[in-house]
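Order of writing sets the labels: A, B, C, D and E. Residues in every chain begin at 1.
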Amino acid sequence: MRNPDVNETLDSWSILHRLYAFDRRRWAALAADRRAAVAQEAQACFAQLAEDQDHDLAPVQVLGTKGDLLLVHYARGFEALAETEMRVDALALNDYLTPRSSYVSVLELGLYDASAKIHARLRERELTPYSPDWHQAFDELLARQAEGASARLWGRIPRRRYYCFYPMNKRRGEQVNWYALSYDERQALMRDHGTIGRSYHGHVTQVISGSTGFDDWEWGVDLYADDPLTFKHLIYELRFDRASALYAEFGPFTTGLQFSVDELPAFLEASAVPRLRSQPAAV
Amino acid sequence: MRNPDVNETLDSWSILHRLYAFDRRRWAALAADRRAAVAQEAQACFAQLAEDQDHDLAPVQVLGTKGDLLLVHYARGFEALAETEMRVDALALNDYLTPRSSYVSVLELGLYDASAKIHARLRERELTPYSPDWHQAFDELLARQAEGASARLWGRIPRRRYYCFYPMNKRRGEQVNWYALSYDERQALMRDHGTIGRSYHGHVTQVISGSTGFDDWEWGVDLYADDPLTFKHLIYELRFDRASALYAEFGPFTTGLQFSVDELPAFLEASAVPRLRSQPAAV
Amino acid sequence: MRNPDVNETLDSWSILHRLYAFDRRRWAALAADRRAAVAQEAQACFAQLAEDQDHDLAPVQVLGTKGDLLLVHYARGFEALAETEMRVDALALNDYLTPRSSYVSVLELGLYDASAKIHARLRERELTPYSPDWHQAFDELLARQAEGASARLWGRIPRRRYYCFYPMNKRRGEQVNWYALSYDERQALMRDHGTIGRSYHGHVTQVISGSTGFDDWEWGVDLYADDPLTFKHLIYELRFDRASALYAEFGPFTTGLQFSVDELPAFLEASAVPRLRSQPAAV
Amino acid sequence: MRNPDVNETLDSWSILHRLYAFDRRRWAALAADRRAAVAQEAQACFAQLAEDQDHDLAPVQVLGTKGDLLLVHYARGFEALAETEMRVDALALNDYLTPRSSYVSVLELGLYDASAKIHARLRERELTPYSPDWHQAFDELLARQAEGASARLWGRIPRRRYYCFYPMNKRRGEQVNWYALSYDERQALMRDHGTIGRSYHGHVTQVISGSTGFDDWEWGVDLYADDPLTFKHLIYELRFDRASALYAEFGPFTTGLQFSVDELPAFLEASAVPRLRSQPAAV
Amino acid sequence: MRNPDVNETLDSWSILHRLYAFDRRRWAALAADRRAAVAQEAQACFAQLAEDQDHDLAPVQVLGTKGDLLLVHYARGFEALAETEMRVDALALNDYLTPRSSYVSVLELGLYDASAKIHARLRERELTPYSPDWHQAFDELLARQAEGASARLWGRIPRRRYYCFYPMNKRRGEQVNWYALSYDERQALMRDHGTIGRSYHGHVTQVISGSTGFDDWEWGVDLYADDPLTFKHLIYELRFDRASALYAEFGPFTTGLQFSVDELPAFLEASAVPRLRSQPAAV
């Protein structure tokens, strides 16, 4: 708690990623009007979540066979996230979606520079560490950071066409161990790392969420861009940055095309009307 | 046995974690009165286990697709635990639950300081190590520890809303190996580790259980809190503590919302009454 | 972006590999004329994709039980690739194909020598790095590379009988870390690596695609040859090359026999007409 | 063969562990008299195997969801083991058992001290290594060991209530490699390791079987005790022993409660008669 | 190509291993005469493959639950192998076999000593490396090796009762890396390794196949013996040999009992006629 060896974070949206396989065979076997009704119910639910100020939602058409549909959910807190999860599970569409994997995290800003400054300022004020006054002063300085970052913290899901998600850890190897570095070393590495990221400004929107205590990796990274090659170039360049080259461990990558909630029925129908299927398939 | 290189442990509840996927499709296809009867049977069984002084039980709604329902079972000994497992397996509800994973462990207090003191005291008394007298004296001193810790050892499952579970090991790497450290080194590391934990006092309730010989990791950690961000901040801070930074290996994390046994029928119904499902789904 | 520590790449085709198990049991249970119709629909679709100048497609009969049929898709961009994926998913044949795995990547030429030359040339011209003039000059020099390599970049799938695919990474070990090498070291290693590859000229056609940001490995390698032993000898020899011996990590290998789209119906029928199956199999 | 760098082993029972999930849903759907007949057939078969002098069998109720029933089979040789496997597969009960995993091994005594002594004695006798006389003398000395250890080699499955199984390897790391140690170093480490084991004499019965060439780990370890905490304390203490701390790699742990073959019908029925299931479950 | 740092190999049979689970439940539900017809069709096909001079086939009853039946296929080239695979897939029996895993490889002799000698001889002749004359001379010397080894290269599957298969790699660790050793070091290590193997002459028949470029490991090893303990003793002894101790990485082991194609119907029936199954099992 307010450990000077540990950077503070600002936390905002609770986030759930869910990756599904879509059961085309059973979907196509439904009558067309039933398909329309199921799609419409889902679309209405998704639209509400995407427009509500306490939630956000983005559907992604995933490339390859890791899954067909990815849903990115934002909610204000775990209660709202759990309720959203259940609400989507209760959709009739859910019968045609098989979950493949998920990711639970909380949008965060990692404050390396700001944490160091807060600790420095409190030292200047000569407040006794961990005293009530010290905690109150800390609260105030941190709250000021949160206000300044409010737009980034509570931003909505970027509506760009191409999408990439991957979880990651900082390495805890036997010789190369991020968590055994000093605060100053980590701060310097994160600063250089940020420099590369910023050189892609405008080309890509990045959302970092923390998942320590929530899921199997330490962070989730969502990237949104207008050109998918941006992901390839950015992430390849970052691999040579020392913070990544030495200390990053990457989980599985998911890539796809974000679409608007309005297009959900079209997405579902796209694979459901093969010419030959007028006779139901023998099973 | 009473090896001075090995810390003693005090052991209490036998614990079983079981994570299930809930088969909403088949559940929703049941008639409403049948669903009510099945839910009621399960609720009655769970309530008995949660109130019985020889058992405890907590249901958790899991976030994400690792599973839907987690049951934490406590019982006095493996016989009672096995019987409980079978009793829950015999519920009609079990037909709608697909097991995803489980964890078998025993609640423990790891006595680093106390073990060192017991060995020291017996050396002072100049008892011959491993003699009957020595064993008897050891028994008495250990029993005194157990009495003093009885409330922690036999405490019931904390009834806080947010829940996190993960298994962990102490690293046995080629260069960095917990089990090759001296007793004194380990004792010092665990003391520092405990200091961080204690700074979260009141914010989080932690239950450590040992699983050496029972399951695939060495310990299971249950955390209970009123704010899920506590998990994120605590575990992130602990990563920088030397005992964790250098020596901890973490298994998969499960997080969710604990609910009371009374809410079980509502939990099961929440996803079973979609508007569109009045006509049974074509399979 | 145009980091002198990072080699530029030229990027062309968006590529999707999809590996399927073929459900022979359900296929054989179809009436012969239905099988013929389904096969014909798929063949027509595949033929169009294989002949279209904005797409390419190769079907491969896979050896062993990792899968039965591999489809290699080329498309101009992720939009076209996603559309192709959906179009094939909508085939009636898709009901008899169970996806096993996939790979998303973009054909690339890694410019080690050319990137170094471009940076050198811009230094000679004394342009301010990252100035608009510098970027424009960079664009022009890179475009010249792309023109010169156009045939290799936009080449169609090699029509050779034997096929091999594997994904790979450059190692990021604690001591042996490709991404911690200097540009010059990497350039020298890649030059030697290329020398071995070129000694197989004529015997094998190699297609490298980059997947950083798209899939779980950094590169995909497709090899096409007239003799499958070429794969064995080439890859074995490459293991001793320093770039591979020290720095390559290999994913799973898939090998098989490419066939022409015309042969698709024969491929599907080959296993569908067992003599004993005149009576439908009891299930 | 009789390599002085390699300890000899004495080998006896061929052992098969099989872990099954029990399909309660389908079992409970059977008529009660059919369940009784199926259970009785299995019990008769198991009883014969458990009493036969050329076989042994132990059923274990497994804790947690790794499986429900574990069968430990002993047979004299692989022919008998294969035949036993098939015989159990042919039981009607087998329709309700889904195999989860298995382990194939041969009970062994690893002769570190005795092998060294045999080699020493043959050197004293100045027999030419690997000559017929030398081999004959080796045979005789080894046979004498086998006679002396006959009770341990051909002992029957210990009938203690609590059960634990895990497979293990000796580490072959890049710096820490058991197989690169000298004979004398390994002999000394195994001697210390044995000392801890022996301090649990009476509390636990241990069966070591070798699986090099048969299964994915090098050894299987079965532990039998009257108190499950014995497993926890013994294995935890052994982790600090140098042979384990530095060189042991552990596979998955399975724990449970051994029951007698007579109790098989009760075990199967325990979960089959839920009050609510009088109406067959809707599927 | 003919790299003096790389040992040449002689390559012969294309080999496919396929491991299947046998679906006893569905098999037993077939009428007896249908089972007989299906078994006879498979036996006829297997017999043809086992007797044909361009193919070979061995069925193995696998111990444990990794699978029930392993088929080892030999064919002259990938075309023949692919055709064989399809032909077996088209058997009615295939409906009762679920593939678990497979292995694609090519029988090889690794020529460490001979490659060194060929290079030495060509240096003596002072032929310009990689000139047409040099290549022709190389061809001739290699062909002479192949002639001399023809019986080993094109030998048929050894008909011994006990069987063991495992894939393996040479380690490419960060410090311990086979592919970074000099030719001479590797040659010396392989020579010592071969000495142990030869001391088991007569007791075991070993078939090495290379799978670089074909499957996920570098080599497959098939062992055939009259006593299964031979596998245990040989492989255990080899673990201490430096080539294995330091450089070998082992994949999963499969062990079982080879049977003759004539016994296939008996193998299939062994588990299909339980006494209690006269009434068809309720599903």
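By definition in this document, a contact is a pair of C-beta atoms (placed from the backbone, for glycine too) under 8 Å apart; a residue touches a chain by one contact, two chains touch by 3 or more.
The structure presented is a predicted model; accordingly, all values stated were derived computationally and were not measured.
**Q** Can you work out the whole-Å distance between the CA centroids of chain B and chain C?
**A** Each chain reduced to its C-alpha mean, chain B and chain C end up 46 Å apart.
**Q** Taking the mean of the CA coordinates per chain, how far is chain A from chain C in Å?
**A** Averaging C-alpha atoms per chain gives centres 29 Å apart.
**Q** Which residues of chain D are in contact with two or more other chains?
**A** Correct list: 174-175.
**Q** Among line, ring, star, complete and other, which best matches the way these chains touch?
**A** ring
**Q** Round the ring starting with chain B, chain D following: which chains, in what order?
**A** If we begin at chain B and move next to chain D, the sequence is B, D, E, C, A.
**Q** In their complex, what parts of chain A are in touch with chain B?
**A** By the definition above, chain A touches chain B via 1, 3, 5-6, 9, 11, 14, 16, 18-19, 26, 29-31, 34, 37-38, 41, 77-79, 81-82, 85-86, 89-92, 94-95, 99-104, 106, 172, 174-175, 177, 179-180, 210-216, 218.
**Q** Within the complex, which stretch of chain E touches chain D?
**A** 24-25, 61, 63-66, 162, 164, 173-176, 196, 199-200, 223, 228-229, 231-237, 239-240, 242, 244-246, 252-253, 255-257, 270-277, 279, 281-283
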